[in-house]
Structures are given as C-alpha cells and as structure tokens.
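A, B and C are the chain letters, set down in written order, and residue numbers restart from 1 in every chain.
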Amino acid sequence: MTGQDYVEVQGLTVDFDGFKANEEVDVTFLQGRIHFLIGPNGAGKTTLVDALTGLVKGTGRARYGNLDLLSLKSHQISRAGVGRTFQTATVFEELSVLQNLDIAGGVHRKAWGMLRARKGIPDYVQEAMETVGLADLRDRPAGVLAHGQKQWLEIGMLLVQDAKVMFLDETVAGMSHEERDETGELLRRIAPSRTIVVIEHDMDFVRNHADFVTVLHAGKVLAEGSVADIQGNPRVQEVYLGRNIEEVSHE
Amino acid sequence: MSTPTDVESPFLPVAATPTDRRRLPRSSPRLSRDTVSLIGIGVFAVLMLLVAPAVLSDFRLNNLGKYACWAMVAVGIGLAWGRGGMLVLGQGVYFALGAYAMAMHLTLETAGPDAIPVFMILYDPLAPLPGFWEPFRSGAFTLLAVVGAPVLLAGTLGYAIFKRRVKGAYFAILSQALAVALAYLIGGTIKLTGGDTGLSDFKYFFGYDLSDPINKRMIYSITAGLLVLCLLVVWQLYRSRFGELLVATRDAEERVRFLGHDPANIKLVAYVTAAVMASIGGALFVPIAGIISPKEIGAAASIFLIAGAAFGGRATLFGPVLGALLLGYGRSSLSEQWENGWIYVLALMFILVTLLAPEGVASIPRRAAGLLGSLRRPTESRPPRNTAAKETKS
Amino acid sequence: MDSLIAPFLNGTADGALLLIAALGLALTFGQMGVINMAHGEFLLAGAVCAFWTQQVVASTDVSILVALPVAFVVAGLLGLVLEATILQWMYDRPLDTLLATVGVSLALQQIFLQNYPSGVPVEKPSLLDGQIDVLGYAWPLRQVFTIVLAVACLAALGALLKYSSFGRRIRATVQNRALAETLGVATRSVDRMTFFIGSGLAGIGGVAASLIGGTNSQMGTRYIILAFLVVVAGGLGQLRGTVIAAWTVGVVTAYLADWTTGSLAQVITFVLVVVFLQVRPNGLFTVRTRGLA
C-alpha cells in the first residue's frame, strides 16, 4: 500500500427483480479528494451507496484495501472504516448530542465496558464535537437540533467512528447558504486523510467544493471528470433535456 | 424541509436556551439523574423490605409478594419493550418456565423422595415418573433451570428472530403466539403437567413448611429483595452505554447497524435479561400463590403482565414496577367485590393509556407541563419525531 | 383411506374458515397497517348474530341465510365504531393500535362470557345436515358450505379491490395517502369503508364458525393469532398468498391433530409457521418496494 486509500468499484450491478438500479458501474474514489455523485432523481446514486454499505445486494466488485465490500454485512463494513449518512437525517433523537457521538465510538469498546456508565468525555468524542461545532450543544437532545445541525452531528458520528471512507447522501439539502458554506469548509478540513463521497443535487455546492464529479444516469456512469469537464459535456446536457443543469437538478 | 433563519453557526458558541433546564432533575439540581434514581430505589427497598412486613398482615403481605412477582416481570418488560422497542406480548412463556420448574420441584418435594406426584397417581398409580420430571427432584437443578431455561429459550428464539430482523407487530404477534401455544401444550398434557387444573397443594419450599406464616414471610422477603435487585440491574443497564445503544436501536435500528453494531445482539441481551426476570418472578409466584396453571401464562395473562409496564410508563425506571404493583392490587381488590368488573377496568385502562398517554401515566404531568409551556412560548416547539424510524417491519 | 381423506377435507374446511377471518385482516392490516386484535371477537359477534336470527326466523335454513348479511353489517358496524373512536387517532402508531385493541378484545370477550358462559347454541340448518360421499368418507355438508362461503368472500373481495372504483381508491390511499388526497380521494371515508368491509368479513366468518364447531369466548384469540400469522406468511397485500397459507395451515393442522392430539397439533402448527417465517420473513409472495424493504 502506498498510504493512499481508495475504493475501487468494478462492474457493480444492482438488480431489483429485473429492474437494474445500477448497471456495470465502474468508479474509483480516492483519498483526499472530495468526490461528488450527481444525476437526476432515480439515477441510482443512493442505490450505489446502499450497495457499497451492505444495504442492498449487488454483483461485481468493490475493493477497499483487501476487502470486497459487496460480500460484507453492514456492520462489518462499518467496522472496516466505511461510514455513511442517510438522505433523511437519522440521529438518535432522544439521546443527547454527546450520547449520539459517544455511541458512535462504541465499536472500539469491549463488551464488558458497554455495561458501565460513561465517565467523562473521551478525547476523540470531544475532538469530533469541536470539529463539527456542536460542543456547546452537547447536552441538548438531538431531536431538538436544527436540520443542519443534525447533519453535522451525523458527520461528527462518522468522525468518532473514525470512518476512513464517508458516503454523504444529500447532506446539504435543506440547509441555508451559510450552513452550506460551513459544511463545505468542514468537508475540506476532514478530507485530506479521508475518502469522501458526496451525493448532491445543488450545482452551486458542487461547483464550489467538488474535486471530482461522477454523473450517474439510469443506473450507469454517464460521465466523469472535473466540474468544468462535466459542465461542458454534451451528453450530460442532453440527459438534462438540453436544459441548464441547475434548472433541472434544483428540486 | 424548512431552514430556520435563526440557526446558530456551527462554529460559534451558542447560548444555552431554556430547553436545557427541563432535562435536569428539578428537586436537587446538584444530584445527577442516576443518583436520584438510586435514592429512589433505596426508598423503594426500605418500603418493600422493612415497612411493608411491619405493617401488613400475613395475608396482605403474601398478596404483595404476588404483585412483586408480576412487578419483576414488568421490570423486564420495561427493559425489552420500553427501552428496546420489542413488544413482548408473550412474557407468560418465561413466567411459565420459572413457575413450572419451581412447581415441579415443590410437587416432588411434597410427594417425598422416590414418590410420584399425587395427581399422576390419580391417572395411573403405577406409571413411572416422566423423565423430564426426574432432575427437578434436585433443588439446585431447579434453581439452575429457573435461570438457565429462559436464557436458553430466549437466547435461541431471540437469535433466530432478531437476526432475521423480525420486529414490530410481527414480533409482538409471534411472541403472543408462543404464549398461547405453550398454554395449549400444558393444558393438553394433563398427565404430564397437570393440564388446565395446574399444579398446586405444595407443602414444602426447600425444606420450609409452607403452612407456617413465618416461612411465607421469608419467601416474601426473598421476592422483594430480588425485585429490588432487578431494579438495580436495569438501573445500571439504563445508565450504561449499553442502555444508550438499546434506545438508539429502538429508535433507528438501521442507523445503529452503520455504527458497526449488530442490533440483533443488543436486542438479544435485553430480551434474555427480561426473560430471566420473568422466569424468576414465575418461580417465586408458585410458593406464594400456591398454584400455577395455564391460566396464569396464556394470552390474557401475558397481556396482564404487560399492562403494568404500559400503565406505569414503559420506558421509565419505576413506571413498570409501580404500575404492576398497582394493577396487581387493583386486580385482587376489585375482583374480590366485583368479579367481572376487573376485566373491564383492565380493558378500559389499555384503551385510555394507549390513546391518551402512550408513555404511561407517569408522563401525564410532564406532558401537561409541556403543553402549558408550549402555550406560553409558542415559538419553542419540538420538531416532529422521526416516525419513519419506527416502521412496523423492515 | 379414510384416515388420509378425512383430515384433508376437514382441514380444508378449517382453512376456509381461517381464510374468511384472514381476508378481513388482510384488508385492515395488510392495506391499512392497523393491527386489530379485536378482529377475533368480531367473529364471536358473527356467531351471536347467527344465534339471534335463529330466535327470530324459525326455519334454520332461512335464518342462516339471513344471518350472513346481518352478521356482516353488525361486525362491520362494530369495526366502524372502533375505527371512529380509537383507531383513527393512531394510524401512525401501529403498535399502539395493537395494544388499544387488545383492551377492546378483552372487554368484548368478557361481555360474551357473561352473556353466554357456555357459548351460543346455534342449531345446524336442516339442509346442511347431510353428508356427501368423497372416496368413502362422509363429508358433512356444513363443511362444504363453509368452503363455498370462503370462495364467495374471496371472489367478492378480489373483484372489489381489482375492478371497482372503490378498490382503486383503496389502493391509491394505501400507496400514497398524501397524493391520493390531493387527487381528490376522500381518504377518511376510504379508511372507514375498508374497515367496515374487513370487520364485516369477520362477522361472516363467525356465522360459519358457529356451524362447524362450538363457540366460546376464547375462540377469537385462537383465530386472530392464526389468521394474523396466515396473513403474514402469505405475504402482505397478497390475496393469493393468504389463500394458500390459510389452506395449508388448515390441512396441516388437521393431519397433525389426527396423528397426535388437538392441542399438540395447534402447537406444532404455530411452530411450523414461525419456522416458515424464519425462512421467508416476507411471506410467500412479496411486493418489492422500498417501503417494505
């Protein structure tokens, strides 16, 4: 290994009773580069992440280190350092911010330690809490957080989990402009040591923060490259009905 | 999804808002919640172990012991259902395991060494003792079975069910089906288990004469002590990381999976613990009540067992215990005077509680306060709870 | 030969009864997601209706024909009342519907028990008194009647769901309530109607049950659990799955009862269904949608 992490997907196909939500997808996610997955609704973006995190069955190969992600169960994938968020923010509403983050670090604990109460705040939890800017809200039940804060909490949980690969599904959807910018900066800060994949519809956000973009359409990879490459790509424009990408992809 | 305009920046300190205050115990702000609960358990222990024996007659104390057995089951239900989200409609199964293990032992002890139980002699004076009865001659084996049998059964069943991700209503009905099936099985095997009439007429309890009130008082104390112990166990579980994880699993199982845990294992621990508590409750019920029959374990009985937890507040520490004690008391005092009325009261309670206070009566003051509060400060409403996470089935 | 044929035919009749009970559940649970534990007691109500009509209509043959619509309406109305008073507040809390209706079921059982401590003595219609010969086994006509009834219920329900505009509205409401509402479907009245029909079917099942075996206050509990398992084992929202599952459960239980004892057969059937659900947690037939996945 060169110290450069990556996830290499080859020929990934997800078949829902004859309907192929992903078909022969080849894509490589590299450490240190913020990789965006875009495409119209139903293109298969979420399904791709679902397949790579064990939520749906897929065929093909998805190599991460010496593991094939497609052959592992969700919790094993997570333990291997691959984390994800969901399209709808799912934090544990009745637990506090601190408890949410702490739970995410539970994997590294011995079973017996689980039966003891928490004493003090572990360093890595404190660190994650500060990185995502929720330190002052640590005793607040997660259910009362604002939408954007929940998304940050989810990212914080991935940090505590020490996820080396992060799939973020429409994380900034529904955020205000300031929140988006802050999220972008947050990603930038944590990106160097991680492989980050973001699913996004908002082209402004993509333009501002993408290092690399993969366009999915009808389950297949339509185009890949920098933001400029993608915007200039005639096939991409065609898929978006000849219209401007921004117009169509804004929900 | 609306974006509130007054959202705080993630990287700037934010002033604490009044919502925080609600989370702290009001009476003594310097004590942590855990400590307050522990003090509560202490008070409860004093009431049950010292005050009750001092003020209650033999008869009343024995009754209280019976309620305490149900309360033990309820504590487990609080853990499995309240915190773990598993609607255990059939805890009668585990109650039965403990109860029948104990009843078989007491029956054999009453019959005397090498003798076979009286009810069996009635059917066939020459029949040998069925093989599965034999080990229950030993008191030690019986005690082992009271704990071991529910671990085995709940462990296997739970493993199979949770690994297949059966949950919600399916789980509830399955567990009830098992209770009904077991009640049928016992009811239909009268020569082996006493059938619908059950097992009764126990004379001795591990050498102690059951007709002596002093010995009955001793059994009460054991029961009350074990109930307090059960409370301590869940108290520790609730404050532990496991407890947090359990609540997390209840509210968003998929999410927990992506934290690298297998939710099945988490639920299994809670389920097995609840089963053991039910079994111990059942075992002690036998010498106290003096009888065990399928009536105490079938669908209706199982529903009575869960009623206490529903009534008192399933997710709270004290709700299930107090609810079960209260319902037990209500059941015996009401059915003394108004035989059939009790069922209607129970039925009405189920309907009203689920309709008006799904978190139990303990939550009514809090909900009322919350309602008042939100009337006064209309801006500070909680966002809607994530209902999608509580899908019936996945 | 008799020992092989008899359980099959008896079991088929039992399965038919179970099917009627399960069809109602398939509608209220499968389509609406409401878990009505009082459904079994609606069966009891049907049996009581059969008894009542016999008090009014002298001819046992005519009375049973009158009892069917009466039981349908009475049980349906019970369902409507239940929906309007309790269930409509809980559509987003399926487990709570279960608990609340457990209360209703307890109360109804108790009412029945107090009024008819030894069950309702429904006289068997004279027309159905005979037997027909099937490969040497004298098959009671009452059982044949049950099967005919089940098939009729199934056909009616199937046609209703598939061809009528009401059926389309049910499906629309089930699949996307909000969208259906914006399209002008009065979802509240669809809910009520669905509940009426589902509960009414239990009433019909009750009439049939009163002809086949004795009735007692525990009858509902027994049927509700089996019927629920049948609905689940068949696959939610899948009528053909429900049919196959009900039939299988009926026949298998009958054979088991023949080989062992009645109560042991019940136990083994329960266990078999549970094991089956281990293997196929989504039942025989599944509709693959993201919502269920």
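One rule holds in what follows: a contact is a pair of C-beta atoms (placed from the backbone, for glycine too) under 8 Å apart; a residue touches a chain by one contact, two chains touch by 3 or more.
Quick caveat: nothing in here was measured; it's all calculated off a predicted structure.
Taking the mean of each chain's C-alpha atoms, the chain closest to the overall C-alpha centroid is B. Summarising the inter-chain layout, the chain whose CA centre lies farthest from the centre of chain C is A. Between the CA-based centres of chain A and chain C the separation comes to 47 Å, rounded to the whole angstrom. With centres defined as mean CA coordinates, chain C is found 32 Å away from chain B. Each chain gets a centre from the mean of its Cα atoms; for chain A and chain B, those two points are 41 Å apart. Residue positions of chain C touching 2 or more other chains, listed in rising order: 293.
Across the complex, chain C is touched by residues 87, 89, 160-161, 164-166, 168-170, 172-174, 176-178, 180-182, 184-185, 187-189, 299-300, 303, 310, 340, 343-344, 346-351, 353-355, 358, 387, 390, 392-394 of chain B. On the chain A side of its complex with chain B, the touching residues are 53, 55, 73-75, 78-79, 83-84, 86, 88, 90-95, 99, 102-104, 106-107, 109, 113-118, 132-134, 136-137, 139-141, 143-144, 146-149, 152, 157, 161, 173-176, 178-179, 182, 186. Residues 29, 33, 35, 86, 89-90, 92-96, 98-100, 102-104, 106-107, 109-110, 113-114, 221-222, 225, 228-229, 232, 261-264, 266-267, 270-271, 273-274, 277-278, 281, 292-293 of chain C are the ones that touch chain B when the two sit in their complex. Residues of chain B that touch chain A in their complex: 1-5, 7-14, 16, 19-20, 23, 34, 236-237, 239-242, 244-245, 247-248, 251-252, 254-262, 382-383, 385-386, 388-389.
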